[in-house]
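After this come two complexes, each holding chain A, first together with chain B and then together with chain C.
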Partner chain A sequence: METKKIQIVICTGTLCHVLGGAELPSLEQHLPDHLKNQVEIKGSPCINHCKNTDMRPPFVEINGEVIEQASITRIREHLEKLTANDSK
Partner chain B sequence: MTPNKNNASIIRKDLLIRLYRELLSNDTANVDRIPIIIKPRGREPWRCCVYKDRAVLKYKIMSMLGYSEADEKDELTPLSWYAEHPKGTNSFYLNLIEEACSNCPPPSYVVTNLCRGCEARPCQVNCPKDAVSFQNGQAVINAENCINCGKCMRECPYNAIHYQPRPCEDVCPVDAIYQNPKGYEEIDMEKCILCGRCLQSCPFGAVIPSSDFPLLLEDMKSETPVVAIVAPAVAGQFRTSLEKIYAAIRNVGFDEVYEVAEGAEKTASLESAELLHLKAQNEHPGLMSSCCPAWVNFVKGNKQEWKAHVSDTSSPMVLTAQSVKEKIPNAKVVFIGPCLAKKEEAHSSAEVDYAITFEELGAVFVAAGIEVANQEADSMSEKTPEIGRGFSASGGVARAIEKVAGQKINAYIVNGIDKMSIRQMAKAVKDKKTDFFEVMCCEEGCLGGSQSLTSANEAKRIIKN
Partner chain C sequence: MRKMFIDSDSGYMPKNGQIVCGDVFLSEKMKNENRLTAVLSDGLGSGIKANILANMTATMALNFTINDQPVERSAISIRETLPVDPVRKIAFASFTIVDTEFDGQTRIIEYGNPQFLVFRKNKPLELERSFLVDGEVDISDFQACREDRIVLFSDGVSQSGIGRKDMPFGWETKAMTDFISNKITRDPNISAHQLHKCILQQASMNDIQKPKDDITCAVLYFRNPRKLLVCTGPPYDKTNDLNVARKIKNFEGHTVVCGGTTAQIVAREWKEEVVVDMEHFSKDIPPISHIHGVDLVTEGILTLGKAAELLKYGTYEQAEATDPSRLLVDQLLTHDYIEFMVGTKINEAHQDPNLPVELEIRRNVVKKIAYILEKEYLKETELKFI
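Showing the complex of A and B:
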């Protein structure tokens, strides 16, 4: 059975890079193997969430859902939750 | 040390962005609003209340403009006034904001209530100074006898004893930061080498560097040609090509951009000539590198006896600036790098007018709406200064000198200054078996510089790709 991969879009814009997101594009190297195969990671310069002043950078989208103040640990946590739901 | 991964460093950059944004738009009146925008009424405070937070934010912005709390003659003077009269590094390089300092208690070992008052009592038995006693079934450390050796902490099977640090004092390699009688930390600028570790380690973000960008902006608006000279470490700062980074720098308002790596090649050949001359002697103490300004400060303030061993060769920054000034005599030359100590070196050199950091550069890009990856690649000089670019990493200077000298040299590398590494280096100096000492104050060299946007590991990863 082929499962659809989880789509991750990492903002690689200068604002997210400066305000704490510099390491996010290396996400794949920080993921354990069981998550690595289930995700498709893309980088995109400025995904426009910084225009919303109530939201805090850096930004990442996981299957369309916006994660603010994204960090490797936060993304991983989110992925673990998503994949746990799938296997049920 | 990894930048970015804490709020204090993010707030510092956020403030820089907001300040520069107003300066670029010529609307300094809005600077007054920044603390209120960040901490509106009702937002969860970091300190006791949002009003205290706002006061601290105000002093942080003042520091960036070159004003300390002591410069505040009238508390009603609005931030916008300071923004209109920036002093930059003319007043100080680093400011410790009393209002932000949390008066951390003295570094000490503390018994927590995890203590079960066991029968074994290894904390008490192993204490060399009889400082541990038991009251109401729990261990108590007598501060008068305690020498902070940490044995009790390591012996406790319940992990009940904790070390309570003063983060800024703990990381200072030269004991330049101390608590004054009022209970606030203070930096002894005679001793300080501007390594930037206190700034990175303070959990309250109480240490803030001043910025010359507001002064530079005035020059950019005038007819004076403004030239950027960029440290080789820039290659690991943005996830894109050097050509695009240089184009982005030009877009900020610089007329020309040069690589400091070009000056680094000159440094390498002058320093290797110096070394070969020294090696011709039978016994010599070894030549010490001179390109890291924090290291040069360290020798000046803390190790005078090594002063004669430090190379006379000028730093890559100064040599690059010299060649720029030969070409464009009326240019304002601006160094851009990962380093706080370069601000001081720039100030004291005739060739360099300002030094700004990668943090400041990143903030300028954001404030000016410059998307680095979307730039049209700039054309670079035809000759790539490969050897010079290596200067940004620990070991790179020694490698460059060996290459230029064309022979094997016995190099001793200090990858990060701390008390231990200096003690070990002192032994090597005594042994007189080393030809060349390469000393970089920051771990991983300039790639791990205190004012970087990326961690050293990430920078290496970016350069590799």
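Showing the complex of A and C:
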């Protein structure tokens, strides 16, 4: 059965970039194959969470849910969790 | 009348076997006087001696003209200063001086060089000449219009190919005129850089790639300035968002948007979408984006900061061709007149003292870029803060 792809939006804004998000645009290369074809990766010039001082950049949105202090490992863990729930 | 821009470029090839060229082309733009002066000088013979003679002549001619000596008088002074070859009884260096104002009023003084050519669009222009001092110094005055080109060259160009069966007297003015007319007809917007390259190549080809004399050619092209608008930063007052978007839409020329938030404002006002280019990315700068109708969309302060560095040290050619700051520099350098529209709204999130120092104030970085463009790259810039 064709499942809906997981939508990932990576913030490429200035602040996210300098606070550790520089490697995020290369996310797709770092995902294992079984995750790669279940996601759709997009960029955004800024997803505007940096105005909120309670949250820590860099930001990534996965299916609309905001991930703070995102790193490739964190995104991967999150995706594994999501796909594991789906397969149950 | 709108001001014209003079696109000028020149190049040379030394005589086969020589390392330096015996012809010299110098030019100087005096911005506050709206005036451009250029000199092409050809020293007798070739090699170092000719180069020194030509350099002396060209520098004298340029400085006399810049210091507002009447052109006639400087021409005579130079002629009297230059020694005459005792054997051949001809002067040691010949010269052509072009003195032109940005409204097109042009005066050309010639001494000993082959006659310059003027093209109005693709047609050669016949000019009246008057003579000074026993008929050896020619003066022509004319009013240059948009799309006029002045072509100066040394006798190495007009005599290239001399002695060949198909051109016993060399390339000659008639054939050269046809060649240049053809080039302009084929590409009406051909730049000074491209045109002088074509002429040099053809001249060198006439001599079967072994120039028999120093070959030098310079082109002055009167044209509309190529304009670029760089928008960066959100306006201080939100009500100006629409004005920024409108300004970009109606701009006659190319447009660049630097800044994520600025890009989003433009896209929102135009009801377009910002698409981030995830194909090319570099470690030090966020990727570029695309908005339909804008020529280049980049991130703001980091890209501007790096572009300023590249311009300052002239190292932009070493940067990768897909590097966003290189793309920005390419845009800046291919235009003549650059307008910066800088939104002065401060991004609160950038003011945290723990952040890297690269996050400078936008205004300062843009000012720095504008200064370098004016000083080092002879561009005209305008800064507007909103």
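The rule is simple: the second predicted complex is superposed on the first by the 88 of 88 C-alpha atoms of A that agree within 3 Å, B and C clash if a C-alpha of one lies under 4 Å from a C-alpha of the other, contacts with A are read in each partner's own complex, and residues count from 1 in each chain.
The definition used in the following text is that a residue touches a chain if its C-beta (ideal position, glycine included) is under 8 Å from a C-beta of that chain, and two chains touch if they have at least 3 such contacts.
Nothing here was measured: the structure is a model prediction, and the numbers come from that model.
Per the contact definition in the header, classify A:12: touching chain B only (first), chain C only (second), both, or neither.
Both partners.
For A:20, decide between first (touching chain B), second (touching chain C), both and neither.
After superposition on chain A, A:20 lies in contact with chain B alone.
Touch check for A:51: first (chain B), second (chain C), both, or neither?
So A:51 only meets chain C here.
Count the residues of chain A touched by chain B and by chain C, then name the partner with the higher count.
Touching more residues of chain A than the other partner does is C.
Considering only the touch criterion stated at the top, classify A:42 as touching first (chain B), second (chain C), both, or neither.
In the superposition, A:42 contacts chain C only.
Considering each complex separately, which residues of chain A are in contact with chain B in the first and with chain C in the second?
Touching chain B and chain C on chain A: residues 12-15, 17-19, 22-23, 25-26, 45-46.
Mind pulling up the chain C residues that touch chain A in the complex?
Against chain A, chain C makes touches at 260-261, 263-264, 274-278, 281, 283-287, 289, 297, 299-302, 347-350, 355-356, 358-359.
Can you name the residues of chain A that touch chain C in the complex?
Touching chain C: residues 10, 12-15, 17-19, 22-23, 25-26, 28, 41-46, 50-51, 53 of chain A.
Spell out the residues on chain A that touch chain B in their complex, using ranges where they run on.
It comes out as residues 12-15, 17-20, 22-23, 25-26, 45-46, 71.
Once bound in the complex, which stretches of chain B touch chain A?
Counting only chain B, the residues touching chain A are 4-5, 10, 13-14, 17, 238-239, 359, 362-363, 365-366, 370-374, 453-455, 458, 461.
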